[in-house]
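Shared chain: chain A. Partners: chain B in the first complex, chain C in the second.
Right after this comes the complex of A and B.
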């Protein structure tokens, strides 16, 4: 008994430090990314303005290029922050869109049942029948590679998970007394779904959104790495890492390491916070 | 039995709809496939000829049925980008590479994860356990393309142990083949390895608290024997479920890693085709991958039922 008590104490105390670090990193990154256009940073995208800058120089605060430059003399710190802008904006927008669409479909399917449930269920299974990255590649083949399309494709990726989660929670809550009471008092289906079910489904959906952000950040980076996402010279972490192919990697590892560390810390932080959010709020594991 | 028939019907419906979605990709494509085949500055009569050759002058649904009929018989059309190879032929050439990589990755992941999870669970709460926990969590945050670049930097670049951007087919000798496949397979394995270790470790710690384990220990069995023969099997169900989920991620990692290491697998094929807007090749590859994926998941589902008698009884 005493053993489990100490276990629990250490288990809650230890990751807290990591969680604080994760939260701090994300806040600092988000603020810097949001303020990136206003900050006095060296050139990050316009090749004509970096003609005089040293190319592939290593990290050196004295030179004015805090984390060095890439093959075109563009500043890596500035590129990493502007990359954070697009990565975070795309991932957040996609998750929000996926949560709204998937959540709504899940509540509808869970509450109405019958044909709606079948149709939504089959559509979900069809989306899940293609591995996520393959679905992204297929969409990227035919869509223009811009921020809007990447966001839409990523949102589509999250819809099945959100549908399943919202549906499972809806079905659980639809049997509860307060829902039966509302229906007995003559509440319309719309009212039951928005006033009674939605508030209860919201929390698990939000905590799942937290978990999915890191998945989407990785998916976006993978797509850019494969040359199918945001196109260079506009920076994203994925296409910055792709610049380190071949000889560059061995001679100038910082070209890969700088965006790599940004990507790793961000994914790590979202993973830590997502895990915490899920442990705290997601009472039933309706989805994966 | 009725349940099995229903599942089979659902499987067929899903595959049918996936094929429809894959086919409709071509209609969502910007630009004109006929123009892509011809290139710019083509004579108008050649344009009509190519259009009817590609079947673009007929209604979409008819085109779909036609495409599906040939796809089922193994004809996935020809790529739009010269040299215009048969898609099915290119897929067949690329498939062994991808399958080998994925299989090797899975074996590596399981071979490392099972002992690691046992070791970790045996020392629950101890320094080793915490180190393994932190390590696996860290590895889970490194996307495969980044892990691959780091591994290349250390093992192919710095130490020069492995070749990069080369592939040796099995025909070139087993040793050469394995030597070329090891680093990419390891890259693919990393994330699965971390996930497997976490899940199995958690299940093992729960199992190890049960009475039959205590009984085994009381009978004087060695810790290794208790872990391997008493604790592993009842702890492995989550792992099998996870295996199903990890197939999708495994496919994704394989695609990225093949591209990264320039290996001639399905992943490189599909990424190259996607970058060139070569829709027939992407369609063929996506259809093949989806069919494989759906069947693999169905098979894992079945094996899960075979493994756990409780599920077998309650559902059939």
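Right after this comes the complex of A and C.
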């Protein structure tokens, strides 16, 4: 008894440090990214204003370029922060959109069943059948590569996952007597879905959203890396990494490492926090 | 006699399953006057819960279900109403209390909100008024510190407390009829008694009619005016409570009473049981459903369904029994073994 207690305590204690670090990183990154236009940072996008700056200089706090510059003399730290703006904004917006649309469809399908369930089920299975990157590339070739369209494409990727999660949770909760009790007190179908089921489905959907953010940050970076996302010179982590093509990576690894480390730490942090949230709130773990 | 509050006529609820049609409720007729309490007793699968839900209109004809017959609640045919009209009935006219208070409250909603929402939906009360009424209702069902309890989540309350909350929500709009579907099955014995007494006293105070569904004869015993015994989806006996307990006429009722443990029985004496198993609802025996298990059954019992006939002496309360070979009046009495 006491053994399991201590086991559980250490099991929850140990990742706390990592989680704290993850949370701190995300908060600091979000604050810096949000404030990036106001900060006295060297030029990050306009080539005409970086003509005098050294090109491909290494990280050196003393030079005024904290993390160095790229081939055009643009400051990498400034670019990484401005890149974080678009990466985070796109990933968050896409996940939010996916959670709202997918969650709503999932609750509808799970509660109404029958035809609605069949239609939603077929649609999600079709979406799931297409490999995500292929879908993104296909969409990118049709749509103009700007922030809005990238967001929409990424949101579409998350919809099937959200639908399935919301539907499964809805079906589990719809069996509970409180739904019958609500109906027996005169609640309409709409009321049951919004007042009874939604609050219960919200937690698993939100924790899944945390996990999906990291997936979408990577997906957005992949698109930008392939030149299908936000177009350079506007910075994103993906197209910054792409600047390391050819011999640049060999001779000036910091050009790739700076955005790479930003990307890595961000995805890592979202994963750690998302996993923590999922463990805490996912119904499968049995916690109520 | 006045117009009954609840008048159920030849109600049939049939579920169409892959194994065949299941006649969960098979021709049940009931009447209940305002302010009275009717106990519906039967074993698992006898159709008593489906009966309750069909009476309320929670189960109605649709894909997979056919409901026929008539349920008239205060003169309104429940199953003829449009869904939106029926919903307006639920709460102000008829309310239901369910078996398991652990699952009949939404775990992510505060206790008070369960009641607030009902009040605001049906009575169009404002937020403040609704909360005042909620606290009053919680106090009325015997919850101490109702203000504090209203702000708590269901998991912070014990099972008995939760069932009190469910009852408070059911009573919120002052229904004429409360259908309590095994309200105490999931509770401790001592709490069971408190809850049943609470329902009885609330019914007395507000003149609310109650249908008390239970598998426990004793639970229904002291609290119902009439008891209806169900077996295999049909009513087998329906009589004033004292008659059911004192002079049951249907062999099934007699056997049920005989199989209840008694304090007066000798220690370690064997409890009489009812041999065999309940009928398969998808393939019930022809004739009397109880015939295969009935020690008195004869060929005539297997022929056709026995009609529910009034065997009461002239002028007395109706004592309806569906049996071709009923027990003699006064042959079995409570308190005596066989």
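Here are a few things to note about the model shown:
One rule holds in what follows: the second predicted complex is superposed on the first by the 276 of 288 C-alpha atoms of A that agree within 3 Å, B and C clash if a C-alpha of one lies under 4 Å from a C-alpha of the other, contacts with A are read in each partner's own complex, and residues count from 1 in each chain.
By our rule, contacts are C-beta pairs under 8 Å (C-beta built on N, C-alpha and C of every residue); 3 or more make two chains touch, one makes a residue touch a chain.
Treat the numbers as computed from the prediction; the structure is a model and nothing was measured.
Once the complexes are laid over each other on chain A, chain B and chain C both fit without any clash. In the overlay built on the shared chain, the residue A:206 is in contact with neither chain B nor chain C. With both structures placed on the common chain, the touch criterion links A:250 to chain B but leaves chain C unconnected. Touch criterion met: A:188 reaches chain C, while chain B stays clear of it.
Once the two complexes are laid over each other on the shared chain, residue contacts for A:100 go to neither chain B nor chain C. Judged by the touch definition given at the top, the superposed model places A:227 against chain B, while chain C stays out of reach.
In the superposed model, A:260 makes contact with chain B only, not with chain C.
Looking at the shared chain after the overlay, A:196 reaches chain C, while chain B stays out of its contact range.
Using the contact criterion defined above for the overlaid structures, shared-chain residue A:112 touches neither chain B nor chain C, since it reaches no partner.
More residues of chain A lie in contact with B than with the other chain of the pair chain B and chain C. Of the two partner chains placed by superposition, only chain B is touched by A:144; chain C is not. Using CA centres, the angle subtended at chain A by chain B and chain C is 100 degrees, rounded to a multiple of 10. Following the chain A superposition, chain B and chain C show a smallest Cα-Cα distance of 15 angstrom.
Common to the chain B and chain C contact sets on chain A are residues 288.
By the touch rule above, chain B contacts chain A in their complex via residues 10, 13-15, 17-18, 21-22, 25-26, 28-30, 125, 137-138, 140-146, 149-150, 152-153, 157-158, 245, 247-249, 251-252, 255-256, 259, 270-271, 273-275, 277-279, 282, 286, 289-290, 293-294. On chain A, the positions that touch chain B within their shared complex are 7, 10, 122, 125-126, 129-134, 137-138, 140-144, 214, 218, 221-222, 225-228, 238, 241, 244, 249-250, 253, 256, 260, 263-264, 267-268, 271-272, 288. Only residues 114, 176-178, 180-188, 191, 195-196, 199-200, 203, 288 of chain A touch chain C when the two sit together in their complex. Looking at the complex, you find that chain C touches chain A at residues 56, 58, 63, 84, 87-92, 95-96, 98-100, 103-109, 117-118, 121-122, 155, 166, 169-170, 172.
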